[in-house]
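Following this line, the structures themselves.
The two complexes that follow have chain A in common; it is paired with chain B in the first and with chain C in the second.
Right after this comes the complex of A and B.
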């Protein structure tokens, strides 16, 4: 590489690197230092170096329930997003009419254009005891008293899937878009049924999109808090809600910081495992 | 002879645009048949209808005596070789060739043997564990053929399989493909727009134009006796001479072309005074400095320009009345016999005159 070229590369990289360094790495280091401090019973923060917050996390059953809740939510939401998102992305990419395709893309992207708070309140309006769904079922005489939906784990799942589905669909759609359909015709000419063609050709070759979408949805579900907070309240045992509660209600900043780092590490671990798992399930990825 | 593939009255259109009009075609067991024509003539559509990737609007498709209009591609047992090869990039050479056998749930030992046989056939022994991206274009081509042959199909369908190869490799694969097809004896339908490819490979070729079959026959029949102006124009390098029938005696016909009388042979009925085109292939004509005694047709002119091609030369000869004739001279020595501006005589035997009924106006879109 010539000196000029090296300078150009550095020039192109510098703004992004500087931005990350200033607003991500530096605060992260600071936050980590804070996580090693601790708050005493009089709510005074001591800047000594101890693992007391991490020990608290490891031994307190409240936090364990919270982790388990987030894991459960992440597993169900990711599975649902994959099961709903892949066929929808497939149809969206393969539909013949350009108008229909554009419309479908617009529908998929549209939730991302609306504030997450507005979207989540939409679910509150739908699922509340005096909400749209209960109102309709009552007036049709199908139920006698309102069904309790708001505040349940189920409502968190539905609302979270709605919020995160585009993050699964768009990478899969992009992978399907770049797949040459002549490969599917080749498979069929060799005797593969549509189902065999999907399992042996289409799915393995779009696996990069599946891995990308799955990683995104996992990371976002583990850290999600506005949507479950609005549809299920602050007592829902979820990791991010726990951090919110510890930090903003108890004002225990060091513990909140420690929990944030546990969540970050956990998220990276789960994504790494998911990527590994998907790769071994479907063989090599192109 | 047994018929392996038969199309009867097959019609097809894409939206409002008709692409095939009442196509009738039969392909005999073991024959190598080419569908030849310019792009948009319907040849690939025909192949896709046989493979089951397109459903015809009307007509029947019969494979091995069974009407397959409603049979999906994966139950037709047709081996297809695509222009882009369409090899599975996430599989090894072995897995590509084994694909059709695996989906048929053939036993592992049988698969290993049949894959090995197929790879031996295309001379790729020992490359079975290679990744597709590690292969050259020619090797990928062979894998695609081996993959299609491994399922032991009723018919091999090939969609311009050689057009992605460079010229030298294409000639080499042409010879190899012919050897392979003879050796296996598999019925083959080969789509191409390359007349040379079609002439060298085929037992029989079908020239298509605008969704219709212009003419079907052996390469020699089509080259020697084209029955339509399109076929005459598509094969070889033809000159069109327009005139009227002056005299007819048995199969001997004399055509008045401007001031010249041109002799030809023609078997079918032809009225005296009817407008005809006499097609003379640039390859069939010869040039002389003085009129030869033994050749029946001899038209004097001057060489307007020459194109040197190494083993041959192309001349354009201008006749006294302004008509231009293209003549190709084969030159084993590599030295052209004539130069620009030289006075020459263009001669040919009556049997090399191809007579096509019709006026200049009726062939205007074919002859520039």
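Right after this comes the complex of A and C.
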């Protein structure tokens, strides 16, 4: 590479790299440094290096319950997103009318454009004791008093699936779009049933989209906090909500920093594992 | 043939239900904001625009709206400029450490928002940027950058490099080539980026809500204002602001559809 070219690359990348180094990497490193400090009973922060906060996390059952809650949520939400998202993405890509396709696409990308706070409050309106669903059931005489839905783990699942479904559907839709339909027709004309065609042609060939969507949904569910906070309050046993509570209510920054790093490590680990696992699956099917 | 129909029908019914599910909460927020009662109730007590009138007359709403607009006006062009330059370098050149830079640029996307929020809160408090407009802008910039880089990358990737080489062979300088060949060809991606960035910056709540001190008129953006209203049990007013945000999103979506339709027409492909 010539010196001029190198200069050009450096010049093009400098603003982005500087911005991220100064306001993403350095803050993260400093947060790690803070996680090694600790706060005493008088709320004074001591900066001598220790693993007190990490030990606290490892031994405190309160945090274990939150991790378990997040793992449970991640498992259920990812499975639901996959089961609901794949057929819906297929429907969108294969629908004949261009108008319908554009409309469905707009519905799927809308979460990227609509504030998460609007969507979360939508679930509050639907699920509240005096909300739309309870109101309808009451006026139909199907129930005698409102069902408690808001604040339950179920409501967290529903709202989280709603927020994250597009992140599953968009990569799958783009994989389906680049799939040549001739392959499916060939399988069918050779006598494969629709189910066989799907299982042995369509699904294996769209696996990269499934891999991308699944790992994104897993990573985002592990760290989700606004949606559960708004529909179910700060007492839900979820890891990210625990971090929020420890840091911004109890103001124990060192402990919050340590928990942040545990969450970050979990997220990276799960992304790596999921990618690996699904790639093996892909290899064995194709 | 019978089995094929039933399997297909079941999948189609499920898909339509999924789209209803995606749309339902957005529709009800808008409907709930027209409720004349002071509290959330269903069926609604009556139709009323009084919460919108209250919004219109409230200074706090005006402050948060002006703040969000100012923020967007600064963040969107900056994010696009920085993102376009980086995307161009990442797609067109190979250099040592390219994988690392590509990962770094996408990293804010998978970083848990609460972690990024706390990291920035801690860092800004050291720099004295806490509860400041600058801090808010920097936070938004970090959050929107991965989106711009990804959008522009796809577009530059699809652009035939032979066009740029041809321009250079004909004596154009790299800057002229970029300005007169590359840029006109990625202009729809840039416009799309403007829309997506605007939507993100106007609606961003995640990491930024941790950094903002919720100071009215100074750091309380529109989405943060919605939460304040809600926490003050001012439900219908909160839904009115939320639905104003939703309407804004509908406008951006219409703009996006228009851009896609135009770009399809411009490149001779069906949209």
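A few remarks follow.
Please note the rule applied: the second predicted complex is superposed on the first by the 283 of 286 C-alpha atoms of A that agree within 3 Å, B and C clash if a C-alpha of one lies under 4 Å from a C-alpha of the other, contacts with A are read in each partner's own complex, and residues count from 1 in each chain.
Simple rule for what comes next: a residue touches a chain if its C-beta (ideal position, glycine included) is under 8 Å from a C-beta of that chain, and two chains touch if they have at least 3 such contacts.
Just so it is clear, the model here is predicted, and its values are computed rather than measured.
Of the two partner chains, chain B is the only one that A:185 touches; chain C does not reach it. Once the two complexes are overlaid on the shared chain, A:34 sits against chain C while remaining clear of chain B.
By the touch criterion defined above, A:269 lies against neither chain B nor chain C after alignment on the C-alpha atoms of chain A. In the overlay built on the shared chain, the residue A:193 is in contact with chain B and with chain C.
Legend: residue contacts after superposition of the two complexes on their common chain; A:205 is shown touching chain B, with no touch to chain C. Using the contact criterion defined above for the overlaid structures, shared-chain residue A:117 touches chain C, although it does not reach chain B. In the superposed pair of complexes, A:277 makes contact with neither chain B nor chain C. Between chain B and chain C, C contacts the larger number of chain A residues. When the two complexes are laid over each other on chain A, chain A has residues 193-194 in contact with both chain B and chain C.
Only residues 3-4, 7-8, 11-12, 14-16, 18-19, 21-29, 32, 39-43, 81-83, 85-86, 88-90, 93, 95, 101, 104-105, 107-108, 110-116, 118-120, 122-123, 126, 138-139, 141-142, 145, 149, 174, 195-196, 199-200, 202-206, 209-210, 222-223, 226-227, 230, 238-239, 242-243, 245-246, 249, 252-253, 256-257, 260, 270-271 of chain C touch chain A when the two sit together in their complex.
If you check the complex, the residues on chain A that touch chain B are 180, 182-183, 185-194, 196-197, 200-201, 204-205, 283-286.
Residues 1, 5-6, 8-9, 11-13, 15-17, 19-20, 23-28, 30-31, 34, 84-85, 87-88, 90-92, 98, 102, 104, 106-119, 121-126, 128, 130-132, 134-136, 139, 162, 165-166, 193-195, 216, 219-220, 222-223, 225-226, 230, 240, 243-244, 247-248, 253, 256-257, 260-261, 263-264, 267, 271 of chain A are the ones that touch chain C when the two sit in their complex.
Those residues of chain B that touch chain A in the shared complex are 51-53, 72-75, 77-80, 82, 84, 86-90, 99-100, 102-104, 147-148, 151, 157.
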